[in-house]
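Each of the next two complexes has chain A plus one other chain: chain B in the first, chain C in the second.
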Partner chain A sequence: MENSKVSETPKRNIKELLINNFAFLGLVLVLVLFEILTGGKLLGQRNLMNIFNNFFSIALCSMMYTFVMALGELDLSVGAIVGFSSAMGAFSATISPVLILPVALITGLGIGFISGFATAYLRVESFIGTLAVSFIFRGLTTYYLNGSVGIPISMRVFDEDWVKILTMVIVLIISGVLFQKCAFGKNCRAVGASREAARQSGVNVERTRMISFMLVGLICGLIGFFTLVRACTASSKTGNAFEFDVLLAVLFGGMPLSGGWNVKFRAAIIGSVAMALLKSGMSLVGIDGLTQQVVQGIILIIVVAISFDRRSAAVIK
Partner chain B sequence: MKLRRLVAIGMTVALSATMFSGVSVYADNSDPEPFKIGFPWDTANTDPTWISIYNNVKASVESAGGELVNVVTDNSADGLIDNISELISRDVDGILFMPASDSMLPAVDAMCADAGVYWGTMFRTISDDDIREAMYDSEWYAGGCNEDDETCASNIVKSMADMGVTDLGVINIAKGDTSSDLRDKGAAEGAEEAGVNILNTTYDISVTTDMTKTIESYIAAYPEMNGILVLGTYCGGAIPTIEKALADHDKAGDIKVGRIDFETTLGDYLKEGTFNVSYGGQQQIDPLVSAVILVNKVIGTPIVEEGPTNIITPYLELTTAEEADQFNEYFLGDDAVYTADEIKDKMIKFYNPDIDMDYMNDLISTFSIADVVERHSK
Partner chain C sequence: MAEQEKYLFRAEKISKSFGTVHALKEFDISIKAGEIRGLVGENGSGKSTFSSIVAGMQKYDSGTMYLDGKPYEPAGTVDAVNHGVSMVVQEQGTISKISVAANIFFGKENKFAKGGVLNVKEMNKEAARALQSIYVDNIKPDEMIDQLSFEDRKLVELARALYTSPKIWIIDETTTALSVSGRELLYKLMKEKRDEGKAILFISHDIDEIMDKCDSLTVLRDGLFVANLQKEEFDADKIRQLLIGRELSGHYYREDEGVPVSDEVVLESRNVTAGSLENLTIQLHKGEILGVGGLSDCGMHDVGKALFGLLKPEAGVVLKNHKDCVKNASWAVKHGIGYVSKNRDQESLMLISSIADNICLPSLKDITPVGPISDKKQKQLAEKWSKRMEVKADSIKVFCNTLSGGNKQKVVLAKWLGKGSDIMILDCPTRGIDVGTKAAIYQLIMQMKEEGKSILLISEELQELIGMSDRIILLKDGAVSGEFHRSDGLTEAKLIQKMI
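Up next, the complex of A and B:
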């Protein structure tokens, strides 16, 4: 009896180690697999910036999305916020290009406020509330843009690699510290683990939820700005399906949908890198679009099956 | 004397080296240098038209010994910019794409100019005067094809008016798309000329459920509607969806249906008499010739020496089931509307120095369903 317990413990430890680090292992697997399949082109100098460009918007959003995921919520409006912020930024450029960034940020923050207010104070399920916000702002983007609006080509100066790398580092530090070291990040996880327990412990649950959605809105405003200066045009399709890219990235990183203390900030980074590598790798290998969708779907099912927190699910039931 | 001897020795060595390396002077000139053309296209779309567009571009590129590099795109402006960045990093020599708007083109040109990559467009003209002027001045813009969308839309409205249509419900691609705007304009002109009342226009339908809802709304809101015109849509299976919605409301055959851009099912509905007219066929010849323009530029034998090459491809009219069947067989099969060998002989200036704008326009003017059937029937 004693012997069987002793032999089971290392097995269980290895299993737990694998499950806890499956996202990282997945990332390494994707990296090695495509590096071999592409004959070393994946991490070639010219493709690295390409991977970074794929990674940039998704990673920025995923980092702030961590706060919402920690609450056990979803935000399905991120694509619409990027599109609308980009459109408002493009309109403001007709007055002065200097206004593009502040207008995009304020627009994003404002929409985040609406999503947060609906979810936290009006008690609308985040899934429904943010979906509704998405419909509203997608419609408004199409209505106001009436096609597409361009901005001066000189604004492409903000699409330089160093600007984006610097932005990424700043957002990474701010969001990482906020999530790991500050009371706000802990409050988000506490609310996600048990809303009532967090309230009893003195956490202002509504304010925490509201601020989380506003942070996502703010970062989407910033992404809207970078999307705009990259293409120098805002169109009704800007930010289309972006919410799914972000969701796929955080889930691929191993972030549990159930929220709470199991949400790790590193999941946002690992997931975003893995997504960028996967997309670039599949493209370099020459896999057609249909197969790419199938591969992404299969990976999503596997990842969610592994990362789903069954203990929390039992408590909820 | 010494110099002459040295030159003679040098020439002997060079000749011997050429012979032993197996590369003849003739071989150097018989084919262009290897090249790669980047092509952002949605290869996840299984619509036969979309597949045929890819096949036609591929035939053009391979006709001159090039390699086609595909990246998957959503055809949005920001998506295309990412695609172009990726293709540049993959060392392509030219990029062919379908622009989402005029306003994205300066960014594309800046990226391609930085990388020394030629670019070309298909299906779209540049409507904005300032942007057109700037792009035409760019040494990296090879040109492209487009259709006379405005005239086509005007003509199809007039054709429907001749069939007795007086009140028309319209479907179109997203506003801001150059083709969409021009087709809108043409339809309005045609309607005014023929005395047709355009009841409503719905834009940017991409899924069949939305198409069904739109048609049902039209039927409910406009009892007087006796025609539906699809000026353009990215919704796969648009016509079967419309026909189903009409049949469900006992309106099939009573409401005339027309569309710009052919699709595979038209023959069946033409036979049944529930579909009436379509203008299209440009979806195969346009990307093929657009790719030809870019390939000629990339290999150093541009069709037009100064500035970009722009060719207007014709719309074909489809009104019988027999034509529809021929279209399905010869335009949407595995073969391009001109095979790689035909393209090599007729459209690549490297092999055929007689090619110029007049030659190309003459060639394009003979393009028709019957022409493709004649060349490719076994």
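Up next, the complex of A and C:
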């Protein structure tokens, strides 16, 4: 590409290459670092399933989060949706355990609808709107649960590995195809690239934004269900700080905050793997939860600083 | 030396490249005191690169410049202004969220500071004087810049550029942002400065304007000096040939006269009040090129937006084929209406996206109505129309922000051709575009007409309206103030009468 003007000198080429592939490099770095620190236990057979369980929730959410990131938006309510939908699921179990899954899904979808409506039609900035939604539903979860609510232990059958792996594969295929190949995924990226140009090219901008938030809500309802059947209780701590894990995963994977065509679906997967390794590695080394938070916060700043998309910033000015 | 002293400004062998692209190659130019020099060239020929180098906005790779016979090497824009070089840029050059006066004296506030406190009153007074010196009295110095129209902001930029009484005044493609009265003012100021013995470098795409206002002109092509012409050598066809480096086939505008147009109305507004429009009723017929013009604040751009569904009518309706109400832009696109905005970079294109993604966007559902969209068909569509429009790029994967203005517009048009829209709303489609692309766009409009497509051509250039339209509607204060047919023996003067 002669006129792309990026490849000015070899030195810049190497820098570009590093920045463009920093997600892979980061992933390898995390892997090697913790593999050494844990003396090979990280990838040991016993830990692999532990890593998968970490990966499961983060990856499910990250894949749908890709649509929101492509729009150039954020959703800070995912943790609260997981918490509230798992609480609603637990309540419905008192009527019949069959209701748990549909209730959790509908709850998630409903909250996604609220976030989407506020963002798309009421024109509330997404990070403010979803932060508010997060507050509301965290509050409601704590208020209604009043501690914790259990469900029949028989529901554990859904915590089987094959169920989760199957779910993962299905969600991966659906969201991957929807994002990479279908008009909806392309429209999301178009809106992120230029809202006005997308609108004038016939994209229904409001509906696209709204549906994206609903997809995230729906998947969080599903995650709420799996979290519930794993622990067999819903507590006010369920889904705590989950929004942070997901945000760190997609940014680590290399998604630009500005959205648009530079948002790649593979970033959701790479970032989720890296996050799962990081969390599992830190636990194995014996870093306590609070220190993990500190480390994650620092990593977030570093990741955003490195991946800041200067090209799009130059256009926005 | 004696030879050199005649010139106020001289540049010798100026070169500048961006990566592998040579924007300027050993470019020479000499300008005398008391001369208005036109600088013409197609998009990407290096005009703007050169003028921004002279104004200290960017560095050059090699060469020398002389000002008043002394070597001149501006360290930045402030240094250039201190040397007496001032420039008015093509795009918006004002700083938003501050007052008019603060804009005029941006970077010179120290003049009005006493013990660290800015004397705003004094600054406003001086700003009023600066505005008066360019004959502008409708702009108040304490007004926020954002409240002014695009044109008034340009006038503020003029006041800022001329306040320092520069020796060299560079005007880069400014007239496209001005209405007829604004242009007249600019021309008057140019003449005044020339008579004071200053040098003016005037950059424009409008050849008629250059021929009329400049004493001499320099033609640039692909970063190379092509020719210098004196006023007596000016000839529009010759200049166009020099610009493109080959002979233009046929004429610029369409030649046919009095072609009958179908009675069938395809798109209409009925008593629409929206934005700056007041009770507007217009009808676009099948196979018609309907021109819409007026002064810059007459509401002509809102006509396009309202008909495309971007502007919701407060009263009245926009109808397609007499019956279907145009609900929003998404509906309009689906029903075969295409729109090319005046703000190409903000509204018509996704800049940080490939040519292919831009072209395919409205047509995704046509390629594959439901489910995964064929990559191959997308590529075919993009390649076909990008080739048809002769977009100059290495591949359809090139991002649009690297393209020149003319090429960007070609991508926008390729997008709608690919969609196959049969009603096109074109808002200033040739704004800031080189002659070659302009001619291509006019040809395309004619071809669309021949295919039975209907075109609404909104333009600030009267020549363009007269040259292309079957019918012209003029607006004033958001309402129709005049209507002319192609056969009426139109002149600019006739149209202007109805505009003011």
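Everything below uses one rule, namely that the second predicted complex is superposed on the first by the 297 of 317 C-alpha atoms of A that agree within 3 Å, B and C clash if a C-alpha of one lies under 4 Å from a C-alpha of the other, contacts with A are read in each partner's own complex, and residues count from 1 in each chain.
The criterion applied here is as follows: contacts are C-beta pairs under 8 Å (C-beta built on N, C-alpha and C of every residue); 3 or more make two chains touch, one makes a residue touch a chain.
Predicted model, so just to flag it, every value in this text is computed and none were measured.
When the two complexes are overlaid on their common chain A, residue A:156 makes contact with chain B while staying clear of chain C.
In the overlay built on the shared chain, the residue A:21 is in contact with neither chain B nor chain C.
In the superposition on chain A, contact of A:167 is made with neither chain B nor chain C. Look at A:197: by the touch rule set out above, it reaches chain C but stays clear of chain B.
Once the two complexes are laid over each other on the shared chain, residue contacts for A:183 go to chain C alone; chain B is not touched. Chain A uses no single residue to touch chain B in one structure and chain C in the other. Taken together, the chain A residues at the contact with chain B in this complex read 46-47, 49-50, 53-54, 142, 145-151, 153, 156, 227, 230-241, 280, 283-284, 286, 288-290, 292-293. Contact residues of chain C toward chain A in the complex are 18-21, 308, 310, 328-330, 332-334, 339, 341, 346-354, 357-358, 360-362, 364-365, 371-373, 375, 393-395, 397-399, 401-402, 415. Within the complex formed with chain A, the residues of chain B that make contact are 42-46, 70-72, 74-82, 85-86, 89-91, 100-104, 106-107, 110, 131, 174-177, 181, 203-204. Those residues of chain A whose C-beta lies close enough to touch chain C in the complex are 1-8, 177, 181-183, 186-187, 189-190, 193-194, 196-204, 260-262, 311-312, 315.
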